[in-house]
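Structure below; questions to follow.
Going by the order they are written in, the chains are A, B and C; count residues from 1 in each one.
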Amino acid sequence: MSIALQQIASAVGATVHGQADLRITHVAEPKDASETALALALKPEYATGLADGQAQAAVMWDGADWQSYGLKAAILVPRPRYAMAGLSAMMDPGPGYPAGIHPTAIIEDGAQLGEGASVGAYTIIASGARVGAGSIIGPQCYIGVDAQLGDNAFLREGVRIGARVRIGARVIIQPGAVIGGDGFSFVTPEKSGVEQARQTLGDQGGIAAQAWVRIHSLGSVQVGDDVEIGANTAIDCGTVRDTVIGDGCKLDNLVHIGHNVVVGRNSLICGQVGIAGSSQIGCNVVLGGQVGVNDNITIGDNVIAGGATKILSNVPAGRVLLGYPAMKMDSHIEIYKLLRRLPRLFKDVAALKSQGTGD
Amino acid sequence: MSIALQQIASAVGATVHGQADLRITHVAEPKDASETALALALKPEYATGLADGQAQAAVMWDGADWQSYGLKAAILVPRPRYAMAGLSAMMDPGPGYPAGIHPTAIIEDGAQLGEGASVGAYTIIASGARVGAGSIIGPQCYIGVDAQLGDNAFLREGVRIGARVRIGARVIIQPGAVIGGDGFSFVTPEKSGVEQARQTLGDQGGIAAQAWVRIHSLGSVQVGDDVEIGANTAIDCGTVRDTVIGDGCKLDNLVHIGHNVVVGRNSLICGQVGIAGSSQIGCNVVLGGQVGVNDNITIGDNVIAGGATKILSNVPAGRVLLGYPAMKMDSHIEIYKLLRRLPRLFKDVAALKSQGTGD
Amino acid sequence: MSIALQQIASAVGATVHGQADLRITHVAEPKDASETALALALKPEYATGLADGQAQAAVMWDGADWQSYGLKAAILVPRPRYAMAGLSAMMDPGPGYPAGIHPTAIIEDGAQLGEGASVGAYTIIASGARVGAGSIIGPQCYIGVDAQLGDNAFLREGVRIGARVRIGARVIIQPGAVIGGDGFSFVTPEKSGVEQARQTLGDQGGIAAQAWVRIHSLGSVQVGDDVEIGANTAIDCGTVRDTVIGDGCKLDNLVHIGHNVVVGRNSLICGQVGIAGSSQIGCNVVLGGQVGVNDNITIGDNVIAGGATKILSNVPAGRVLLGYPAMKMDSHIEIYKLLRRLPRLFKDVAALKSQGTGD
């Protein structure tokens, strides 16, 4: 593959400075770049690596003095990270799955495949399932009974979609993700220790041992358009209605979404986040890695929670959080600094007390 | 499907008030309910939704004034959440796997299937494995050499059961769960930095770099009767003896159970909990989402740990915990409130000190 | 299987005391040991169990008074835990996969298998992939286009290796692990709420809603020699260059490694650890279970982080950490103790203030 800089610049809506017909074969970090690479020097601190590599062309920030780096050409972009979106889409070699329906794929009676859909080896499309036009279903996947996938879905290896799950257009799902496991919902015949502890917060003296009885999941999962779901992530079915992931949401690896959860549009859920049953997450929310969300609470729109924040109660829209339990981020940082001065504070108070005694 | 209210009421041990021969086709939340739905108005705050839906019948709490909601009939139950167990079992449409042994299933020589067991497409039952009567093994599963599954097991897609794992009756395992991965156990030829740090708690100055050598897992995993295991959960083999999950335990998604762990009967392990190697968990314990349990510690019976509690040392029976490191829940809440007043406390002490100086 | 003690002792470089030709059939914990078991009484506190079992032979610590336990023979070792490595390797029965290339394995055109490699049922080796000599690829695995695995690799059931991933010799990968999912990298056309919050730490008032645009992963993953990867762990591809896991690293179950992460040699990453994008981890680092590492930070060599430590900023070499946010372990323990005395401190300060007022 070899592409002229002009063609790349057009695709990302930018201008080539210098030799626009220079051709590159791939992109690289500045220090690793060969002569035929397009170096990604998106910030001044990355551009210093250009001296260590052999790049003749680079993508750089608007206003960069590209000639001073010895380049023959540069694509200058006002928001380089955003330019990476278009550029990377153009250069992505993809997984190389064979096209078409693999002879070992099992398409059960009553399953429907849209025009141009491809299905990988050892994948099963169960009865009544519908796969949209242009979709790529990787190898070793399972699409359950009456499940629906919109057009241009892209599923990697070993994705599991449960019965009656409905997924919109252009979804991307990484290997091993499970959409539509049963919800985790159990009940005891009499009031359980957990129910009692939620009321009293106190220890459980003589709580009687009881076995847990299963509440089946009668709902399924609805996933909107343009959603991405990470490797080995698990999204559970709702109890009565469906669990819902809104349009444009992006979920990272190993995320846990409990039954009945509703996530609004365009929310970003980072790696290993867990959202317990029946909680509601707003639109454009960002939950950093390992964030935990309690069950049955509401997180407003535009909330941002830093890594490992544990959210135990409702959060109003627009709040920025950190800590366990979650606090406003600026309060958390103030208190964290004071914690480190706590040994000194204890000494100060002890001194004041002994002064008092000495009076 | 259409069921008379009387039939449902009998199944959950309750009484129909009003028109007992009314037939419903499914259950729904009150606000979403069509005319043929049985609305689940299990609490007064849910019942307000009945006005927005079209339900003619509902399940309600004991003593509810069902007629005031314009219903033709109601099933009144003393513990509505418990009634959901029976009701949902009755209405569950299930995954719709084809019955029987799929022609692509591989049943290796010496594997045994109990009467009426079904095995999904592309599933492998290895040599010496035994699957109990009436079990449903979903598609794309792997049951290892000499593994045993009791009667009426239900495994969803892509479950992996390792060699020599023994599982009781009526187990339910969600997609992608792994029972019987190797334990994570390594040793260095000389004392490692970790061993030293456990003794000194101090920083590691000149610790020598060493490679880790593997300790193989010679044990396997034992899982009791009536256990449920969530999607993409991983339970490791023991080092010498087996890792043990007691009867009636319920494990949610993405749970990690280390080698040699023993979990007592009827414990509830929520999403993303991690239990490190060789720890012992009592009976009727509840670990909230993202709880972490240190290695080689003991958690007593009936302990309840709130979401994201990190348990670093032994816990006596009946304790209710929260926080990192874990504290008694009421202490944690008291201290958390004080933390928020810490900036004020520092100011107060500063003022007291300057008064002292000013004296 | 039956082995003479002399043979075991030779393999682990130790000496038999007593009847060296005694034969054992397996190893067991002292209390569970039958007459033909080799009891593992690696510490004095374990040896007390010998009285409850029937063992005639045991592995014990150097200097143990083995005869006083009524044994016929003992293998005494200076570092018993290290001896377990050799001993367990010798006694491991393994998963019992059938040898050879299973007739249902799909070896695509252009894939290469080294001498003696075996491939399990329903496994796919994609075009251009290379598997080293002596490797055992379990059932239901997927090895992507142009991926490479070194000699003597051992992959359990359902492992997914993405396109262009390169893995060294002697790797061991547990069931369901995913190497080479796409990185989690998104950008908004204009500055996002997250970018703004990172600068201000303050709440997000009127942040405009924007959709996320995908940055494709053009890099892949490189894994060194002698690496182990746990069940359902996920390692993402790099954005431009590869994500890198150094030689000798051991990763436990359900670990999340983000795009562009670099982990140095011989680091130990315990269960459910998450390392966010572009962070650099040194050599011989130990991250306890559920540790979280922020994105774009650097962790020095020999760092040890206790369970659930959340590392939000750079850490110098050799540090021992605990807590959220991470502190030096000894500081954390001191401050944690003071926290428990915080209610008393508030009372003391209140008393001092009222004394002041009373003056």
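In this section, a contact is a pair of C-beta atoms (placed from the backbone, for glycine too) under 8 Å apart; a residue touches a chain by one contact, two chains touch by 3 or more.
These figures come from a predicted structure and were not determined experimentally.
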{"item": "Type of chain A:chain B copy interface by residue overlap (half), same or different", "value": "different"}
{"item": "Superposition rotation for chain B onto chain C, Cα-based, multiple of 5°", "value": "120"}
{"item": "Intercentroid distance (Cα basis), chain B paired with chain A, Å", "value": "23"}
{"item": "Chain C, residues touching no fewer than two other chains", "value": "122, 140, 158, 176, 232, 254, 272, 290, 324, 339, 345, 349, 352"}
{"item": "Chain B residues within the chain C interface of the complex", "value": "106, 108, 122, 124, 126-128, 140, 142, 144-146, 158, 160, 162-164, 176, 178, 181-182, 184, 186-190, 193-194, 197, 201-205, 207, 209-218, 232-234, 236, 239-241, 254, 256, 258, 272, 274, 276, 290, 292, 294-295, 310, 312, 324-325, 327, 331, 334-335, 338-339, 341, 345, 348-349, 352, 355"}
{"item": "Chain C residues within the chain B interface of the complex", "value": "26-29, 32, 40, 79, 81-82, 84-85, 88-89, 91-96, 98, 104, 121-122, 139-140, 156-158, 172, 174-176, 226, 228, 230-232, 248, 250, 252-254, 265-266, 268, 270-272, 283-284, 286, 288-290, 301-302, 304, 306-308, 318-320, 323-324, 328-330, 333, 336, 339-340, 342-343, 345-346, 349, 352-353, 356"}
